[in-house]
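Below you'll find a set of structures to go through.
Here come two complexes built around chain A, the first alongside chain B, the second alongside chain C.
Here is the complex of A and B:
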């Protein structure tokens, strides 16, 4: 009986097309560790270019600062000049928007679009696939030149912007290449592409991203990241006072 | 006359059948008269209400592909779009003010904002940005104040809708009063987010309102412009480098993931404390660009001296736009009123489709009853034919019968409908909920008989009579006199 069992196992494993299930926990941990900065702060300049069939092209340049270990970030708008100095400051679960014209802060939501682009405020905070998603199904595939795992994910909580996500993850180094976001009724809402990464220390950071709105044809946003740094920042950067001070 | 006498005699002889058909016609026409009169009254009520209180007779807007209403773009996927401003506003305003048929003009802007007390968001409101003087002149007496009062000329502030104030009180347990300060965060995606701190000058309600208008608060136009980014720098264009737009211009998956190496080398960048403090550089240009554009308005509303001149005034304005090469649009009140303006029309279409279905059923029933009647009178018709009655005489006799039934019972239906409407008009119908308040154009509805409905009912009656008699006539004309006499 035992021999039959062993033989069956060998048969299943050697059956053409059979692939052992990857270690999703390890993949998620690898993705999370590459995009989170528990040991260092992180800063970069992002150029956000948004195309809209009605509104035309909008270009925005922002400086982002992140301190993931304390759940903090600050985004300061550098361009256009009319929005220069506006900022989004996150401290733990609070997200404030600052308008230098009125010199006032008001609470914002992670689920809101960032300044009318296809990016969400939540895209700028620390992401955790291990915490937020589980794998519902998976398959192997090819994306361009790269062998990938295609993972169908379901949200574990209601804090995420999208309850369903489909991920294309490179097999050799666990970099996320593409993601499709779905609503609760499985409507395809957004597709994201991550075709370029920059290695800083032991981290791989997506230096170019493309977000395509699947509801409005022609609406898409490219984010390009430069001036990337993992140097620790001063504590004052993550305060309302700093946001007000740079605007004086 | 002979035809009429014979038809009348036949109807009297077949009392039961005549009565069945008659009741059916009476009932149908009564419903038609009551239903259409009520809908016409409601449509007139909504029209008068919107023209007198919110839209005026005509609305001038900038050019747009999507329908524009005073509440913003109405299609869901375009809710976030920036509304176009009226180009050459002052030129158009001057033309409007000097037009002999124009009684009053008022510019208006539209926006949406999140309301915060301190930093906490407590609700949302639609905003109508107005010039207080022009607004009061255009819509005198359309507001009722529960607290505080209207904006003074040149004063900044918010006149908060009573409904929104009570929603905030219910949900957040915060009572907003006149004199309080609130933060408004403009959520116009076209120009990014903006915050303004404003004093609540008053809490109001539109005297004749509906669920859409209940969500509207009034704000001075300059604050609205600021929230909407209608500033001197609104059209400022920022250029991006080629490598910052490569994906967006050619989003091809094979190109994106066709390269051998997608990972850039290890680079790092550092910022000093001084860098961090001077990160924004010079902000003086920003302050200049953020000055509001005094000519930026989304709508110019026109009230006319005489409603009958709408067509001529529209043509005058279109001629003016063409002569001056201005890309603007002028349209009637309905385009600005949004879906509620169209509601009465939609209801009328639905109601008339239902009536049409009922009419088809009625035609079939009447036709069947007439066919039975003709079969019973086969001997009589055969004899008439044998005595020399022509086909035209038989045809005329049957058509006369059906038209006689239709007219007599149709008239009874019209009278019954008029009586019911008279009763309802005297007592009034109280709207049971907000939905009916919208349809009724107020809390109590007083329907009146519509002359158009009477004419429409008469046409329907005659059509039913004519169509119902087609098949019975065909059967009657097929009767062979000899066979008919032998069949009895």
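Here is the complex of A and C:
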């Protein structure tokens, strides 16, 4: 009986259509480590181009600073001139929005869209697929010239922004090429594309991202990252005082 | 009696002067009456509008604490609230249970953010009757995904009654969700309830925000008499605090809290982090009066400014009356000498002057009231656009003037008193005139 079992296993494994289940924990850890900077600080300049069929094209340039080990980030708007000096500062669980006109900080939410674009405020903080999602199903596929795993994810808790997500992950280096976000009732809400990566230190960072709104026709946002640096930042960068001072 | 008659005759003799003096008094009374009445009317409108908008006079929210420390706005079981509300007896007109969310309505390439409320249309049949439907019909409520929009919202989205649109919102725990609704009816633009919120079935909204059947977010109590809001709220709060965890009333009554309450009630705040912990459902009781604190503060400021203006007007009128009566004194010196010579006493002369001043004040005040009523009548039939920040002060787009008899009587007495006071100095001087010298005076 034991021999039959072993033989059956060998047959299944050697069957032409059979593929061994990938190590999802390792994939998630790899994805998380690519987008998380526990050892260093991170800074970059992002150019955000949002297209809205009703409001036309808007271009925004922001400076992004992150210190993931302390769960802190700061986004300062550089352009357009009318919004220059506005900033989002995360201190612990609070996300503050600073308006230089009123010189006041107000509470914001990670789940809000960033400045009316298709990017969420949460897109600029560290993410953890290992913590938030589990793989419900998977398959192999091809995206462009790359062999990919197509992972259908389900949120592990009911506080994750998108309860369902579908990821296209490159087999060779675990880079996410495409993601689809779904609502609680599994309606396709947003598609994200990560066509370009840049190597910084030992990490690959998406230097270009495209977010397509699947609910509102014609709405999309493209983010390009430049001046990427892993140099350590001064502690005062992640303070309200800095946000106020940098605007003077 | 003679004094009264003579005073009346003197006023009639100098018609122009009396009319000018009375006109100034009439203007003062008219301004104070109009502004007082529109302030009272506006407060009434704001209260009435908010009680309809928020579907009640006393509002109870339930909060649950998740393991991660987030608060969820949810009431899973209404047994406790129903039994405590029953203790309020006949004061309660009816109860409504609603769910709320702040959503994005999407139609094609157009988006619009606004609040959406889940209504139990069967229990709240009166609410459907209050909505003024311009297109479509509430008969479509049999559709479980039915949504009622204001004409203004529909125009901005370019959607028609009968068409479908998407509703994007967050669940109570903050997850994204999307639903497809069918627009069954459009409400009149001047109907403020429709323009602030969209309305759908509570079961449909509950599914979208991930609440189970029978659960809801806000327990609203309509009272028969708005004057009993504070008393009933205190009684309910006391009973509630003995049965379950509650948010202290002091935390919900401050002026700074009013805006937050309003945001919270329209579903604009969800899943916030809480400092303290508790077991089960924690209740938060808010009343219409708590949320009106900003409006009441505004009305108090308005009243103070108006009374300051009234005071300035009074001073100007007093100076005018004093001057006029000094002129009268000069003009009538010989006449005063004559009436003193034929037997009128000093008190009689003083009384004559003061009665004249009183008459002028009384006639002026009466004229001011008549003019104020006329202006109020005209202004209250002019429809204003609801698309302005003051629509909340209007009653279906029109101003309301509520004349308060006690306040009017006090204003008249004040103006009559100050007029008499202003005439006192010339009256004293007239009374003290020596009849012989007065008779011999030539100007």
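The rule is simple: the second predicted complex is superposed on the first by the 247 of 248 C-alpha atoms of A that agree within 3 Å, B and C clash if a C-alpha of one lies under 4 Å from a C-alpha of the other, contacts with A are read in each partner's own complex, and residues count from 1 in each chain.
In this text, a residue touches a chain if its C-beta (ideal position, glycine included) is under 8 Å from a C-beta of that chain, and two chains touch if they have at least 3 such contacts.
Quantities reported herein were computed from a predicted structural model and do not represent experimental measurements.
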Simultaneous placement of chain C and chain B on chain A, clash or fit: clash
Touched partner set for A:54, first chain B, second chain C, both or neither: both
Chain B versus chain C as contact partner of A:179, first or second or both or neither: neither
Partner chain(s) touched by A:204 [first = chain B, second = chain C, both, neither]: first
Chain A: partner with more touched residues, chain B or chain C: B
First, second, both or neither for A:215, with chain B first and chain C second: both
Partner chain(s) touched by A:79 [first = chain B, second = chain C, both, neither]: first
Which superposed partner A:93 touches (first chain B, second chain C, both, neither): second
First, second, both or neither for A:104, with chain B first and chain C second: first
Touched partner set for A:43, first chain B, second chain C, both or neither: first
First, second, both or neither for A:162, with chain B first and chain C second: second
Chain A residues contacted in one complex by chain B, in the other by chain C: 54, 215-216
In the complex, chain B residues that touch chain A: 65-66, 77-78, 80-82, 114, 116, 119-121, 183, 185, 188-197, 226, 229, 231, 233-234, 236-241, 243-248, 251, 253-254, 256-260, 262-271, 273, 276-280, 283, 285-286, 289-290
Chain A-touching residues of chain C, taken from the complex the two chains share: 66, 68, 70, 106, 108-111, 166, 168, 170-171, 173-179, 207-208, 210, 271, 273
Of chain A, residues touching chain C in the complex: 52-54, 93, 111, 155, 157-163, 181, 183-185, 187, 189, 215-219
Residues of chain A defined as touching chain B within the complex: 43, 47, 49, 51, 54-55, 57-61, 63, 76-86, 96-97, 99-102, 104-108, 113, 115-116, 143-146, 175, 177-178, 193, 195-201, 204, 207-208, 210, 212, 215-216, 220-222, 224, 226-231, 233-234, 237, 242, 245-247
